[in-house]
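Let me give you the structure first, and then I'll get to my questions.
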Amino acid sequence: MTKRFGLQAVVDQLSLDIYEGEFFALLGPSGCGKTTLLRLIAGFERPDLGHILLDGVDLAPVLPYRRPVNMMFQSYALFPHLSVEANIAFGLKQDRLSRREIATRVADMLAMLRLEGLGRRKPHELSGGQRQRVALARSLVKRPRVLLLDEPMAALDKKLRTDTQFELMALQRTLNLTFIIVTHDQSEAMTVADRIAVMDRGRLVQVAPPAEIYERPRSRWVADFIGDINLFQGRLGDDRLGVEGTPAGNLYAASKPDADSGTVVWLAVRPEKIRISREAPVPEVANCTSATVVDIGYLGGMSIYKLRIRDGSTVRAALANAGGAERPIGLDEQVWLSFPPQAATVLAY
Amino acid sequence: MRRRRTSSTWQRFALGLPYAWLLAFFLVPFLIVLKISLSQTAVAQPPYTPVLDVLAGWPGLKAFFAALSFDNYRLLATDSLYLLSYVKSIEIAAFSTLILLLIGYPIAYAIARAPRRWQPALVLLVVLPFWTSLLIRIYAWMNILQREGPLNNVLTALNVVSEPPAWLASDTAIFIGVVYSYLPFMVLPLYATLEKLDESLMEAAADLGAPRWKIFWLVTLPLSSSGMLAGVLLCFIPIVGEFVIPDLLGGSQSPMIGQTIWMEFFSNRDWPVASAVAVVLVCLLVTPLIIYQHQAMRLIERD
Amino acid sequence: MRRLSGVNISALVLGMAFLYLPIAVLVIYSFNASRLVAVWGGWSTRWYAELLNDRPLIEAATVSLRLAVAAATVATILGTLAALALARFGRFRGRLPFAAMIYAPLVMPEVITGLSLLLLFVTIAVDRGFWTVAIAHTTTAMCFVTVIVQSRLSDLDISLEEAAADLGASPSRTFLAVTLPLIAPAIAAAWMLAFALSLDDLVIASFTTGPGTTTLPIRIYSEVRLGVKPEMNAVCTIMVAVVGVAVIIASGLAKLSAGRGEAAR
């Protein structure tokens, strides 16, 4: 599918399969087109090229009020002049269901989303979390084939956000619906999604389950976008497992990249995979180098260490503050860094 | 949801009805005024000639256009009565707009700085007089400014003057009437702009060491320029063509252009000249009108 | 909690005094038993009593009220449609000239609009009277209605209408069930403004009216241009009272509906 605003392709020849019953996330920096893609599925934008197939039927020419798809808006878009019950019943009234059926379904929704007793209230009389649940109830009550969520937790504070993420996952599993969520918060995408589509400037960069995206990123951009990453630039060795000439010496990974030996590549390793020790590790262990601690960020559960290696560049390592008898590593200490080849990935671009 | 390739019948109706109405009752009349301004008076019904006879075919059309002339415009250019009227109208409009700005700004500023709860009530108080008839309000001033009226009573009682002056039938009275009537038109747009001003900008300026008057001069005033422009245009353009105020409060020696048009039309029954005066007035106002439309467009495009 | 500075307070007080004193003077003098302004003859309601006998005046008032209701209603309908077009129909062809025709009458001097409409009616040989004035008032009022409703529409969160569509409401159902209830206060306010504009108009009515149709302002004007008349003071006081009460009621209603209509954010 392609969608242009003026001359700019906001969604650029993008092809994607989403499976029934999946919790699918569209993740990317602002301007990458993820919200536009969501609105294309909902019907508020029309693609310039391409199709949207749901059960084999092309939705692209279908107007939004006829699609079996419902959306939960970032601003919740609750009708301010209607009560909670009337808001939830709105979609059912458009389908001309009987009054009894509507009342039953609304009551079920209120119970499912812990909104009992709030039915008569107006939106401005509710808290932020309650409004969000009403918005969710309103879009779920029609039992859509696909539920679209546009940054649903952007307005919530951190504690509420985490709780809501787990609630959403439980809901999705119980109702066995397909959820598509748009978010710029990578930890949110990693928490809730079965698969994540990482987008950049209108194109898909990688579509995979969270673990694969984190452990086996496809490119430096993805590696850097999700979580923190250390990159060591060098040349791919003859056996295509080793990277030669990096600032930390010759380094080795356990899987071969899709590139020829001799090309410029980067060895990527996540901070939590790096071990810091005061004594030099046994020489046979691959991937080790000496470093100086230049900064420590204490985060409670763990600490992030900034270390300077031989050529002056920075490496970041994360250690859990597990307690224990040993004196913790301090500033300006000379230490040794090491990581196993299985923890590293070689990236060709 | 707003992009569509073909508009539905409902939309075409919703747009078409007001569009057609405005074309018929706003645009077409203007064209007719233009045409009449090129005609001559006649003792007939309607009181002008030539009259376009659609049934007369092509020769009728040719005769029609041959009879049009710029005589009326020549009259305007040569007779100093009209020239003076235009000049006076623009003078009065410009000067009163200035006074309106000087008086209206502090009022708008005060409302914008008042506690939020009071602001709607204060705005209502400013607007309320506008809802009563202009005629009534000008008539109220006629009461006050009479020679034996309350204003003179107060002035003589305070010994400010020995002899009660004649306020009515003077330019001063016109100024008072104009400023009084148009004050809401100046205060409202100014208030709308001032109310939206981000207070933290002024606080930042204070934090950086600027005294109160400098904050006003360097921060508040420039940021309220769009409101000032809106207020100025909303006042100046209609004041130029005012009729009721100069007619009831002003003297008969030098009429404003609104009075001139009225006189030509109702007293002299000279419709073509009245039309010509109107056309020239619109041309004079073209520049501020264009600026005004430009501002209005900006407002719409903002959405 | 903001405090008003002394300068600001005095600006407000002086401003309000300036605006309301003349009206106060008018009201007081309407109860002056003496015909002469210079003489205060004590409190009296004789001028109000004399009004009841003034048949032409009462007739003119009736005409003006009927006119105002007709013009306000048609203007509100047309103006709301125009506001919808400007706020919701995107960049349609002819949008610029349309907007220009909406905004121009707001500032155009009334003598020009009055003159042009009269010439139109003469050209198409229509008898001037009640309906020509109604058309004229509708035309000017509709522009005010458009500006008011359009401003409210553009403040309305468009995702509300998208949500309605997403939930299965067709465009007309969306308009009736979501948009209209939320802009209703603005439409009501616009109707009232159109009503007031029509009721108060002198110049345009003078140009476009015909024999037998005298509006209240025309009647008042013909009386007062010869000088102050105490009966006129009484008429004006009544009109001020009616308008004042109506506006206060209206703003009270507006405040009530604002409570339920405003942001669920």
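Every chain is named by a letter (A, B and C) in the order it is written, and numbering of its residues begins at 1.
Note that in this section contacts are C-beta pairs under 8 Å (C-beta built on N, C-alpha and C of every residue); 3 or more make two chains touch, one makes a residue touch a chain.
Here the structure is a predicted model, which means the values were calculated and not measured.
Peer 1: Computing the C-alpha centre of each chain, which chain sits at the greatest distance from chain B?
Peer 2: The most remote chain is A.
Peer 1: Can you check which chain pair, A-C or B-C, has more C-beta pairs in contact?
Peer 2: B-C
Peer 1: Approximately how many whole Å separate the CA-defined centres of chain A and chain B?
Peer 2: Here the centre of chain B sits 58 Å away from the centre of chain A.
Peer 1: Would you kindly tell me how far, in whole Å, the mean C-alpha position of chain C lies from that of chain A?
Peer 2: 55
Peer 1: Which integer distance in Å separates the CA centroid of chain B from that of chain C?
Peer 2: Chain centres of chain B and chain C, defined by C-alpha means, are spaced 16 Å apart.
Peer 1: Note the residues in chain B that touch 2 or more other chains, in rising order.
Peer 2: In chain B, the residues touching two or more other chains are 1, 3.
Peer 1: Mark out which residues of chain A touch at least two other chains, giving numbers and ranges.
Peer 2: Answer for chain A, listing residues that touch two or more other chains: 44, 64.
Peer 1: Which chain C residues touch at least two other chains?
Peer 2: Only 162, 165, 171 qualify.
Peer 1: Taking the touch rule as given, give the residues of chain A at its contact with chain C in the complex, in rising order.
Peer 2: For this pair, the touching residues of chain A are 42-44, 63-66, 69-71, 73-81, 90-91, 94-95, 122-124, 126, 131, 138-139, 142.
Peer 1: Please output the residues of chain C touching chain A within their complex, sorted ascending.
Peer 2: 157, 159-160, 162-171, 173-174, 177-178, 181-182, 260-265
Peer 1: Sort out for me which residues of chain B touch chain C in the complex.
Peer 2: My answer: residues 1-3, 7-8, 10-11, 14-15, 17-19, 21-23, 25-30, 32-33, 36, 46, 103, 106-107, 109-111, 113-116, 120, 122, 124-126, 128-129, 131-137, 139-144, 146, 148-150, 153, 180, 183, 187, 233-234, 237-238, 240-244, 247-248, 258, 261-262, 265-266, 271, 274-275, 278, 281-282, 285, 289, 292-293, 296-297, 300, 302-303.
Peer 1: Can you name the residues of chain C that touch chain B in the complex?
Peer 2: 1-2, 4-5, 7-9, 11-12, 15-16, 18-23, 25-26, 29, 36-38, 78-79, 81-82, 84-90, 92, 94, 96, 98-113, 115-117, 119-120, 122-123, 135-136, 138-139, 142, 146, 150, 154, 158, 161-162, 165, 171-172, 196, 199-200, 202-203, 206-207, 217, 220-221, 224-225, 227-228, 232-233, 236, 239-240, 243-244, 247, 251, 255
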